Amino acid sequence: MTILKFILIPIIIIALFSIIGMFLVYMERKVCAFMQIRIGPNRVGKFGMLQTVADTLKLVLKENFSPKYIDKFLYNLAPLLAIIIPFVLTIPIAYSKSWQIWDINIGVLFITAFSSLSVISILIAGWASNNKYSMIGALRSGAQIISYELSGGLAILTIVMFSQSLKISEIIASQANGWWIIKGHIPVIVSFCIYMITITAECNRAPFDLTEAESELTAGFHTEYSGMKFALFFLAEYLNIFILSALGVILYLGGWQPFHLPNLLEFNNIMDFIPAPIWFFFKVFLIIFIIMWFRWTFPRLRIDQLLKLEWHFLLPLSLLNLIFGFILIMLNFIVK
Amino acid sequence: MYQTKDILLSPDQHQDGYTVINIGPQHPSTHGVLNLVVTLDGEIIKDVQPNLGFIHRSIEKMSESLSYRQFIYVTSRMDYLSSHINNHACCLCVEQGLEIEIPKRGQYIRMIMDELTRVSSHLLWWGAQSMDLGAFTPYFYAFRERDMITDIFEKNCGARLTMNYMVPGGVMWDVQSDFMDDIKKFIKQYQSRVHEYHDLVTYNFIFQKRMQHIGIISKEDAISFGCSGPVARGSNFRCDIRKSYPYELYSSLDFNESLETSGDCFSRYLVRIKEIDESIKIIEALMADFPEGDFQAKTKAVLKLPKGEFYQKVETARGEFGVYIVSDGGATPYRIKYRSPGLSNLSILNKISQGAKIGDLIAILGTLDLVIPDIDR
Amino acid sequence: MNTLTDFLTNEILCEKIEDIKGNFIIYCSPEQWIEMMSSFKSNKFFVFDYMYCLTCVDLKDSLEMNYFLRATSTLDEIQIKVKLDKSNPKIETASLHWDTADILEREVYDLFGVFFSNHPNLKRIILPEDFEGFPLRKDFVDPINLIKL
Amino acid sequence: MTFNYIKDLIHAIRSLLKGMKITLKYFFSPKRIITQQYPTMKPVLAEKFRGEVVLIHDEQNEHKCTGCTSCEIACPNGTIKIVTKQEVNEAGKKKKALDVFVYHLELCTMCGLCVEACPTAAIYMKNSYEHSTFDRHTLLRKLNQEGSKLQSGIE
Amino acid sequence: MGFFSLFLMIFSGLLFAVLSILVSKILVKNSTNFEKALPYECGVESLGILNFQQKIGYYFYALIFLIFEVELIFLYPWAVVAKSLGFMAFIEIMIFIFILFLGLLYAHKKNVLTWN
């Protein structure tokens, strides 16, 4: 039984990630198209559903080219590292009550710790490419991702403090009588806003896409990557968004739990009828939609503005928010 | 590791910690094949040297072998975003030599087309500028409005971009009967949507922070570097040719020269936005008393300018465009010089981008509104 | 010193001044041009601070530099013509007085082969480094791109 | 200072939300989509659009070109080449007539000067637009149809 | 599942990456030439050295990050048991945060946090 598990889980996760990656690319293209008064992909398959499949095929069939003047080992290592991180990050994510690989007791810390590894893959990629654009992009991402780690961690800490646990299942259980965001505590709402900004920055998404910064650095850290290696970076970016949004759902939107309203038993029963994984994915894609919405609305920030936003606004704000939240706990405002 | 050639590098560029990086010619934000050799200290720009000539077609030399009717079409290929106005300048210059009176209707059509070109060029710039700063969506909104203008051009002039609609003596053919309605429709649609543009871009906090206090041109610099058009008017330098050296019927029109005082990227942005409104005002005034009559004066089959020199300047969407014709009395010009606004506006880039960051350079480059064929010619 | 005509005839040392329908054309030699530049910028009434065009014309036996100047305060315009020897065209740079002349002179240097002395950065701008000949001169023949119609 | 800090923050958030409102509005109004599905929905170009030069033939396979070569002279880049032949008309007089109207579409810049120059209005510019081919030699065209004649009464 | 899942996931990630690269390696023929192998720099040859030195500014951010990240790690265990530890622990952690906050202020005063 356990051996079967060890074979099944990798297959399921690989399949799930491939589908999620493709779907997210499709979703992004459709979202941006509708916001830009276009149709988006609509030729391959019904509503262009198979467009990303075709794109993936194209990327597989592309030449596996690497330039001459690179650090061969590091150059090839970087995309592997980039794609491994989301795979590792999926371990504590609970897709449903029982759909969880390992309910590790420091689940939240596990995710914050491993997600910060993604900067290393970007730095390696930028350095090994032996290209100026890549180098500048990588250094930018170094400053950017490590900075936003802080306020992200502090935002998570607020929820940890409220639910008094680092375990994913317990955090979800603490929201059985209402999602944290709906319970309406001010520190939670502030920390949710900070968290949304932070994951946008952590995933190098516009308006924080300085690592790629198409109009400045052509393609940033993956300028020299093509074919499948580029595809791995591309997939890793989307999977990171997925994982971090999933964490956001777990922390703020009650994980896989259905939407409940107090004192409305009928309504709650209907909500319970929808399976938990569907709830989970629905909420995750809602958050991802917001991140995409950011991307297709805002111009990019400049590097100094980006760092100023973190160090002068978000970090003090999240620290104060944490203290404020603790005071609320001490005064027993939090209904547990 | 691979070491590259050190050609084109001055000794101070070799200094430790300085990076020399090429922006362009294959770059998404140079809007063409412009090559900028940028010396960086970290992210701070120390020096920018433009490197031109990637699409130099020697239009001036080409024009020397074309007749006075033919050389006009080449000028649409220079600043392709204000091709009507370029053609207009050439026609005016030839007419100045031939001393032809242009019929009223011809003049009106020409001016309306000019202003429509200006609006369409500024709209395109507006979208491209937002795209340079990383916001992709406004580009499509701008193109939606711009497409209505290009449709008007297509209907009346026969082409969408390189028109060649103006000929010495007037315009090639008369406008279609629904010309007025189309323009009115465009103006109505534009005015109903412009507040969305402002909400999305102009008032956007990030956008303002990216544009303000960046690439400041003082009035003295603007004059000394020969800047013209919105670039110079953003620094409070009155240089609108339509006001200071009126051609056609601009002297009889009531419009404002849009000026801003601070001279940074945002003021150049505001000047262009204001200029769209002014152009629409001009178009509306022209349409109110659109005369009947001939659209083209009678000219000879072969035009020959008298011996001498002729200079004509007009205000394109980018600034002062001038045509200098030296004629030896033959059927083709002896020498033609096009004074392109882009080249002078580009020359200030090094001065204003020093000390800025890479992201700022892109913003500055965008607000200079360069069209590379116009610079290279 | 009230009108531009007075100013030009009294203050400017040149060979000839022509007045064609209000457009003043000043003919001068390269030596006179050096002196002229500073007097255009330094006098009180007519500060020709805006150079809107700079070009060269090949007159078959000689080259002729054309400077188009404008006074931004009074909107007066003048044109200065300087004849140069074709075998060794050399003239003082105007880029110290008008910054825009920097890039325009580089263009003329590239396409006409006029050498501007004291120019801070006289490098090719349009043509490749190894290009021979001056394309905008009348006697230039391009053997590669020659299209006979 | 603190006041300005907060004022700035509120102003920033408001302006960003305004922008987000607009993109969301467009996201939820698919009616505004302006994409034209090109190969399936062909655009109708304006009558005046200059696509290619066409020699007008009527039902009797007659055209109006006298072979005067004014279009050839007017063309800035040698797009048109007119080959003439000597023809004997009914009265027994020798007359110059059009033999082949050669048109290099690959050189044409669609400036419309040939149409302007034509004294008999024999040519016009059609609003066709799909000219791309894999072989540029297919763009070399002979405009006068086989066995076509000059319309009577055109000098 | 325990720690074994960690290795399992690393393995499956590697498997996915290596498999996809291998498939494309098998299917596609490679070709290269001098121009193609050059580092991309907008289509012209790059000037100067490529593995250049960078500004110290980035390094400062890394240093400050390190300090704050350590702080964050210390805060995690506190946050879990914050309620039961009570007010004294809060005061202590406040002092801890305050000292680090002073560090932030110091860095701010030293203009390390403004990009120039």
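Chains: A, B, C, D and E, in written order; residue numbering restarts at 1 for each.
Following the convention adopted for this analysis, a residue touches a chain if its C-beta (ideal position, glycine included) is under 8 Å from a C-beta of that chain, and two chains touch if they have at least 3 such contacts.
Please read these numbers as outputs of a predicted model, since none were measured by experiment.
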item: Minimum number of chain-to-chain contact steps, chain A to chain B; value: 1
item: Centroid comparison with chain C (C-alpha atoms), farthest chain; value: A
item: Identity of the most central chain, Cα criterion; value: B
item: Dominant chain pairing [most C-beta pairs in contact]; value: A-E
item: Interchain centroid distance [CA atoms averaged], chain B/chain C, Å; value: 24
item: Intercentroid distance (Cα basis), chain E paired with chain A, Å; value: 15
item: CA centroid of chain D to CA centroid of chain E, Å; value: 56
item: Chain A and chain C: spacing of chain centres that average the CA atoms, whole Å; value: 62
item: Junction residues of chain E - those touching two or more other chains; value: 39, 41-42, 46, 50-52, 54, 57, 115-116
item: Multi-partner residues of chain A (at least 2 other chains); value: 35-38, 68-69, 130, 132-133, 218, 296-298, 303-304
item: In the complex with chain B, residue positions of chain D that touch it; value: 11-12, 15-16, 18-19, 21-23, 34, 45-50, 70, 74-76, 109-113, 116-117, 125
item: Residues of chain B that touch chain E when the two form their complex; value: 1-9, 13-14, 16-27, 35, 37, 41-44, 357
item: Residues of chain B touching chain A in the complex; value: 1-2, 19, 21, 26-29, 43, 130-137, 139-141, 144, 200-201, 204, 206-207, 209-210, 357-360, 362
item: Touching residues (chain side chain D, partner chain A) in the complex; value: 9, 16, 19-20, 22-24, 26-27, 30, 32-35, 37
item: Of all residues in chain C, those that touch chain B in their complex; value: 20, 23, 25, 49-53, 55, 57-58, 66, 68, 72, 75, 79, 98-100, 102-104, 107, 125-128, 135-136
